[in-house]
Amino acid sequence: MDEFDQYRAAMNEKLLGSNHLGIKRFFALDTQAYEDGALDQKTKELMGLTASTVLRCDDCITYHIKQCASIGVTRDEFLDAFNVALVVGGSITIPHLRRAIDRVDQVLESNDTSEAALHKHE
Amino acid sequence: MDEFDQYRAAMNEKLLGSNHLGIKRFFALDTQAYEDGALDQKTKELMGLTASTVLRCDDCITYHIKQCASIGVTRDEFLDAFNVALVVGGSITIPHLRRAIDRVDQVLESNDTSEAALHKHE
Amino acid sequence: MDEFDQYRAAMNEKLLGSNHLGIKRFFALDTQAYEDGALDQKTKELMGLTASTVLRCDDCITYHIKQCASIGVTRDEFLDAFNVALVVGGSITIPHLRRAIDRVDQVLESNDTSEAALHKHE
Amino acid sequence: MDEFDQYRAAMNEKLLGSNHLGIKRFFALDTQAYEDGALDQKTKELMGLTASTVLRCDDCITYHIKQCASIGVTRDEFLDAFNVALVVGGSITIPHLRRAIDRVDQVLESNDTSEAALHKHE
Amino acid sequence: MDEFDQYRAAMNEKLLGSNHLGIKRFFALDTQAYEDGALDQKTKELMGLTASTVLRCDDCITYHIKQCASIGVTRDEFLDAFNVALVVGGSITIPHLRRAIDRVDQVLESNDTSEAALHKHE
Amino acid sequence: MDEFDQYRAAMNEKLLGSNHLGIKRFFALDTQAYEDGALDQKTKELMGLTASTVLRCDDCITYHIKQCASIGVTRDEFLDAFNVALVVGGSITIPHLRRAIDRVDQVLESNDTSEAALHKHE
């Protein structure tokens, strides 16, 4: 997951560092779309996760899993979201759901470890 | 919208009346996927709406708009959901969003009228 | 269905009458792909129908339904094919399956009528 | 085509009149993406037309055909663009190409008529 | 291919072990969809392979190749199925077909080796 | 990138060496689609790149980047093409654009090195 984050950051920098105004503005819109508004951030991140799953984009799924986990989405909520995506998108989404549940468990475990480490130092 | 509902009901009956066990079970799973669970119905219907929009299926969008409106999703919430779908799915979703906002206004107006009629008879 | 056939024929003529060599050759490949080979025509038409359904193209579905019906695919076989497409492609294919079963019944009924008329004149 | 333009304008107004900042900004980005830049407008409109065709969105195809025709794209150039889209996207694009060539001929004819009317008044 | 099978099995277990009723029932439907019915298993597996190819899912293609090979689909039949998928889905499927033919040859060779070993022990 | 080229060549040979007439003819059409015609090769390669990006096929994107670079497409022109694809296809294309800009820089740098080496020997 660290490798994923590093490549993602380096290439975003390449894209944004190219100073193409359209691309920069699109990235800003992308960030803003998930902020609290008429719908709250959690609902929007879950919508982003579902959309990424039915469109079958592993990197997008990983990104939204991390976002969701950081704002407290539980394993059961992830499974419920995956179920909606599976029904809408069909069995073609299953290979992505296999990788997704793997990532969910990595992210939730890593969050638990961080929290445990934090409490140890209290 | 009435024509849409009637055709939808008649053809669902044709499909389900054919007694293909697999198809019948899939329809049951589809209904159950949006019921309250780890995530509530409103979140799931909004996820279904977003998935339908990025996959660009007008009939599915219409169906989820009606479901969402019936459980109190507001016009501003619909717009916020459309914005997530637009950013994820791109300008190719715009023709579907044009038809979607048209339906949102029809459904919300029709709900208002029904409610007004109801109150009149109180 | 007649209107569909007429528009289809007229526009194919426009496309092919334009004498673009690439387009003409593609149309030839498209026709040849469903002819008997290592796999027989029926299997290939059913594969074409499934592919058209998961890619959600109503006109392609209608075309393959007519082809399938003309070589004896039965209503139960159509339903079995639709079930595979439904499981692979998910609930997003359902609006297309509603229109598909409608067409299957139109085509099968029309074939029955033609055959009955034929026998009457024997 | 007039009906298409009117519905498109009315619903765009509905969407933009809702004052959702994200949606308004996306529409601005969409317009700017096709303006002269490192690549000229004609190349970009042809790219938009190809993208719309492989993604199989009739309304988007119609829009880019009108844009292309208004900056002088010829019938042979349209056919060459359709051929690229057909090879990349496969036979599933053919129903869209049938409607596309129909619109190309309507738009080019309508442009000829306007020009002829213009010259008559010189 | 062994690594693929192991990861697939482990993650399916994670998904199914989570006891989400919807997900479990979907997996059951997925298995049942390819069993003998109005259409036989071979036809359905070939339909699943074609659907997976036009939807461009490598893992799904690999899975159906293994299923098809285990029930006797020949190399020539695979090529004929790939050709239908290529025509329907276009050149965008070619990278998947390159990996698919690679897997077909691995699977068929591995089956030959198993069979040879079996006969040796007769 | 060398590994990509070698696997691509070896598997194309496997596919074409199988002597399936339909597949061979499709590959010929694919090559011819990008040759100079009513539209020139550069415009067509850019259209192929955009189509590959909105359909999210990394191998196809890599192929068209190499083709584009070999006929002089500049980094700014690539960015402008990516922007059109991003607006049409949405944020779901971003992971592909990250890998695409990485490849653009590899290909352009490698071309620069080759050219420098060439001039050194003049």
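Note that the chains are named A, B, C, D, E and F in the order they appear, and that numbering of residues resets to 1 at the start of each chain.
What we mean here is this: a residue touches a chain if its C-beta (ideal position, glycine included) is under 8 Å from a C-beta of that chain, and two chains touch if they have at least 3 such contacts.
All figures in this text were calculated on a predicted structure; none of them were measured in a lab.
Touch-path distance (fewest steps) from subunit A to subunit F is 1.
Farthest chain from subunit A (centres taken as the mean of C-alpha atoms): C.
Residue numbering shows that subunit A and subunit D use the same positions for more than half of their mutual interface. When every chain is reduced to the mean of its CA atoms, the largest separation from subunit B belongs to F.
Centre-to-centre, using mean CA coordinates, subunit C is 29 Å away from subunit D.
With each centre defined as the average position of its C-alpha atoms, the distance from subunit D to subunit E rounds to 40 Å. Of all residues in subunit B, those touching 2 or more other chains are 22, 26, 29-30, 33, 51-52, 54-55, 60, 79-80, 83, 86-89, 91-92, listed in ascending order. Interchain contacts join each chain to each other chain, per the touch definition above. Within the complex, the subunit A residues that touch subunit E are 56, 75-76, 79-80, 82-83, 86-87, 91-92, 94-95, 97-99, 101-102, 105. Interface of subunit B with subunit A (complex): residues 29-30, 33-34, 37-39, 43-44, 46-48, 50-52, 54-55, 60, 74, 76-77, 79-81, 83-85, 87-89. The part of subunit C that touches subunit D in the complex is made up of residues 7-8, 11-12, 14-15, 18, 20, 22-23, 26, 30, 51-52, 55, 57-60. Interface residues of subunit F, counted against subunit C in their complex, comprise 21-22, 25-26, 29, 32-33. Those residues of subunit B that touch subunit F in the complex are listed here as 54, 86-93.
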